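I have placed the structure first, in the form of structure tokens, so that the comments after it can refer back to it.
In order of appearance the chains are A, B, C, D and E, and numbering begins at 1 in each one.
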């Protein structure tokens, strides 16, 4: 479920974002705790290994290796942060781009409601069918990119059952063969049906037809963009480079950040805290940022913070039908408003 | 209240931005002073604790821990700054995006004024009602995202009372059931009423109707975008990562930046100033930047610098009515201008 | 005056940007020299103070403080640069956004010239009045945001005098009361007058009227955006954070960068140059960057590099009248061109 | 082939991106292994050279040089990372810009299907020809920028053979001489043919013709943008600067990162690991990021991750013909939907 | 000449960008070699000066100064890189923005070809003249911003001679006085001529006229944007700050990076290489990046990598005439395509 929290921080009060830290749903803790446990386990293993299982001479070697690794994690050998910053910013822009490409039928339904006329059955049929086509198209596209929607509609029959398609249409849809995603077909039906409605006089003039066509094209463009966002990912190589950077950093930390015997007087090793507080902090921080990337690189999954695609599909069809059917020419009486002078 | 200050710094004079430092309203001081007091309190506690309550041996341990913590805050273990930079830039872009999505009725009213004709009562009624619908829609959306507007209109009755809606319309509005925000309904009424006005000949041609529809769709798109900005926040995880980074940094500072006994000759501890000037500076600086983030992540709250939503609502309805009613075909005589040749 | 210099560096020749360094108008030297003098004065004061006015013991204390401060300015305690980079980039984007929002009447005048017909007086009157309204609107908006324009037109009477408004129109304008900026009123007049011209047949068809309305809306949108850029500044808090960062940095420099007695053997204090070359360099550099921010945060002031609003206003009205009056249907004879085959 | 992987990481599960590390196709390993081998070879050569081929005195010199070089690679002499970050971000934006400029005929075909009428042969001929012209144009442009498409259509005859062009049209195309890319010609044919269809009454009204023209212009704009992306590259100088930075960094590493004799007690040279783990890590990381740049600077090549231009061409023509021919006015019967009330 | 090289690096092969290093045209070497020679000369001078012309005591002083300067260039006193990164990114965005604002007549010519009818002389005359006006306008604007175009057309007579303008038109053009750039005049002629063509029935309907007007306005907007890009440069102050940063950095390098006598045992001065390899590398790198900025800040100059304005002007007029004259209603016979079923 999308996690909205801006209302909670509407005002920049004392404490500010601190209240956001005590949430589990959609939180960094929930995303990260497994990785943290694994990291702690491995760290613990090496700690025990170093303290109890090595001969004095082996310990010396281990300490030398640890110091060497530590040098790597302290200086800027691998600038994890920097590359994460660039990567997450890119991913964030794509994430928002995908959201704003989500096809919403609101413009289309307003136009259909105002321009496809007739309160009789034929009129209702035309308006409802047009909107159904538009919604069907977005369901088809979302099914191919969202795991949630795909679970809800594993086959086309499920779509028919949910009322987005009639069996006639399904047959028609399947009779046309194409090697590629056929999400655009219901929109072509829309275009043809609108053309027919013009011939029947249900659409009263050419300009209204044009308006329908324009909004249809806007709608289609969004479906198409969504499809392409899914198809063309951030180049795999980039994601791999970032992942390797973060993982290797912590691989070296597991050894390099061991507390060495304070008595041996290694530099910056005067204190044996057993728990590597700073390293855990860093783990939390860097891996947390990488998780942000994982979260937003595909917002159509089932994470807490992913888009509510199924809910949006329901909203869209409900609202479409309301607007073109129940609300068609169904106006409250037009009376003078309160401030009429 | 929005804090405008650019006029004061219109010219890059001597001193420049310095005059902006002496303001309380909307200032960093106002936002930050509570946090600063808490930080100072905690710092003071540890300072007293270290100086007067510990035995000599405990002091030694404390010093070792302090040095360890200091190491963490001095080097780049947690690059607070960098992550703040990226985060605030993202938040800033959303902030401005929200502002530019604010639905202003100016285009719509100009179009209604020029294309819905008739100086008689029916004409006035049509124009006023159309603009009222548009304004009503934005009130409905703002009510759901702005705490200020919600306080002003806690129930729909308050909206009726304020004259944005008639009681007929309220009944109509409530009779249509939808599980989702119904802000778009008055815009569907607009669409249907415009269609009716065309039938009555008040809108004289199809092209004028299309113009009304186009501007309506632009207006709706802005309402919708505003709604989605509110629904889809910056992923919670990202905000948490940033907050934890800043908070943990200063948690370590509270101990690591204590002035240790200069006589013990610790490196960089030659001076006991009691007041950690630099650390306070840093606190001011980093927490201040985080506060910028808090401030702009939801510009519809009640901060000094948040958008003046209520004022804008008043402006919009006033200006709408002026434009479509008082100013309708109410032109000054057209005379030759001064430079007529 | 806007300082254009790209022509000088059109070619990346030897020396390149170096020739830009020897300019006074709009230069960094002109903007900065006062601040530099103040900084040098304060530095000199402390220098004299340290060298001649302190006892040997006091000097020791001063040196300890200086070393402490220096530590602050050398390491990354306050990362002035980074925050400046982010801030100036934001400000730059707004700056260019404001420039591209400047309402230019070119599209409108071309459309008026081609679609409002009649070479007789009435035709000329209509075309000139329409363009005058558009220009008047931009003058009203610029008057409220630009100090230069406000100086030129301190009252509405000055606008009348300059020929942008007739006295009839002024009376009309003032008779309509609104608590908010009324820059949009002349544009409503435009809309109504265009509508009238259509009735009179001066605008020959509905599509031409629509074209006028569309360009009007584009024009209005720019006026409105300009107004909002002015109203909604970069949050004050952000500007304050940046300013404090830069100022405190140099406050510490004034003490921390003093040349300490080389004989005392402090680290990196082997040379007494009297003039802190590097610190001045840094001052020049960081304060210069901050000045860039000051310069561009409000491009409607009176800096050398601010937009030439008054000149643009003159250009717009002159060009508008030329296009719709002198050039109306005033074509050179259409003859075969040189390459006619 | 484009490598889509977002579905695999739809959910931010445990392990997250780690599963992406074990892929060969489109992976960083595949892109980098040759460079890595060369680097290892050269490093090995110097290693053997230093250990076995030098006299003791020569070794001393080598060590001094190595220490000198190491200093260069450790500190920030050449900030490879930073410049890579800026460069790759620029390249990434261009890359996505190119993708979104890819001319897809979907809008055009929907408009042709709904507005060019007649189920008879002439109607079909018109619709098919119009769409063929559009597709032909994109093939012509892609041929000039994509190596893959150029291999598929080495001559114009191949395009004729593939059915995008008739021999008549080829003759026509070649008879018109221009020194520049002639990809726009089929679109002029489209414009003229649409105009003819209007005369024949196949396009029923002027508004439908305008719609065809508008979509044609959108389509052409994309073709044109693609052409210009190809023509105007990121300035060569920028690419050279980045490449030199990365290459020189590793040139110095090859000597500076040699393990020096631990017995000589050079600082940070206490351990002889033979394999320079960190340096390889860095190589992997920095060169990997540069490879990302190489990959995306021209997405029309034959890399694993480049755009599937040939596949898209096939899709476009297939889908175009389906939409305007098979699907023309070919609607499933319009029946009441499931939720009809 | 624009330097296109992406085809060469279409595939991310072994070696990748390395092949781009061996080019002279448009290369960093060509841009930089003079500066490099000067820098080497100055460095050499100080080197000789220090080694041979100073007494032992003067050498001591020189060494102290050199060490002082070196400290400045090694640490982050002036973060050249960072400020270059921000500056070049800004400049790059403007550069691409300018390119995409280049007025191309393609849309206009397609619209003229499809909507201004008549194969007779009058028809041809109208179409050719309209396109000539559009091209003339872009020549006028480019003449004022591009040094290349200005060299080609030093006076308006040259434009007449090249066939972009008739002598009648020149007289007309000069008779209209304006203090500002008059590039928009031919576009007003276009608008008026199109209006006349509508009256004559050459443009058959109002919608076609509107299409002409819309495309005209798009074209004009691009001309205007280009003009403003030229007028409003990146603020001079910003460019100066960046230039001073880079230049002062290398001014200090010239002394600070001298090889001091290794026998004196200064830290990091164990080796006398005579040639300061790293410093040259840095010079190459930083100055190279600055040169990128110089190159792209004005893409209308005569650099190797600047836009081919003259070539584009030729292309535009040639292509315009082809499209509206030779290709007017000149279609290949419409026959069934290969895949007709």
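The criterion applied here is as follows: a contact is a pair of C-beta atoms (placed from the backbone, for glycine too) under 8 Å apart; a residue touches a chain by one contact, two chains touch by 3 or more.
Treat the numbers as computed from the prediction; the structure is a model and nothing was measured.
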Common contacts of subunit B and subunit D, by label, are A
Using the contact definition stated above, find the chains touching both subunit A and subunit D. none
Centroid of subunit A to centroid of subunit B, CA atoms only: how many Å? 24
Whole-Å distance, subunit B centre to subunit E centre, using C-alpha means? 39
Interface hub residues of subunit C, defined as touching at least two other chains: 31, 76, 82, 85, 89, 206-207, 210, 291, 295
So what shape is it, when you link every pair of chains that touch: line, ring, star, complete or other? ring
From subunit D, heading first to subunit E, list each chain in turn around the ring. D, E, C, B, A
Which of the residues in subunit C end up touching subunit B in this complex? 31, 34-35, 64-65, 67-68, 71-72, 75-79, 82-83, 85-86, 89-90, 125-126, 128-129, 132, 145, 147, 163, 166, 168-169, 171-172, 176, 178-180, 184-185, 187-189, 191-196, 206-207, 209-210, 213-214, 216-217, 220-221, 224-225, 228, 230-233, 235-245, 247-248, 290-291, 293-295, 297-298, 300-303, 306, 321
In their shared complex, subunit A is touched by residues of subunit D numbered 2-7, 9-12, 14-18, 20-21, 23, 26-28, 31, 74, 76, 81-82, 85, 88-89, 92, 96, 99-100, 104, 106-107, 109-111, 113-115, 117, 204-208, 210-211, 215, 268, 270-271, 273, 278, 281-282, 284-285, 288-289, 291-292, 295-296, 305, 307, 314-315, 318-319, 322-323, 326-340
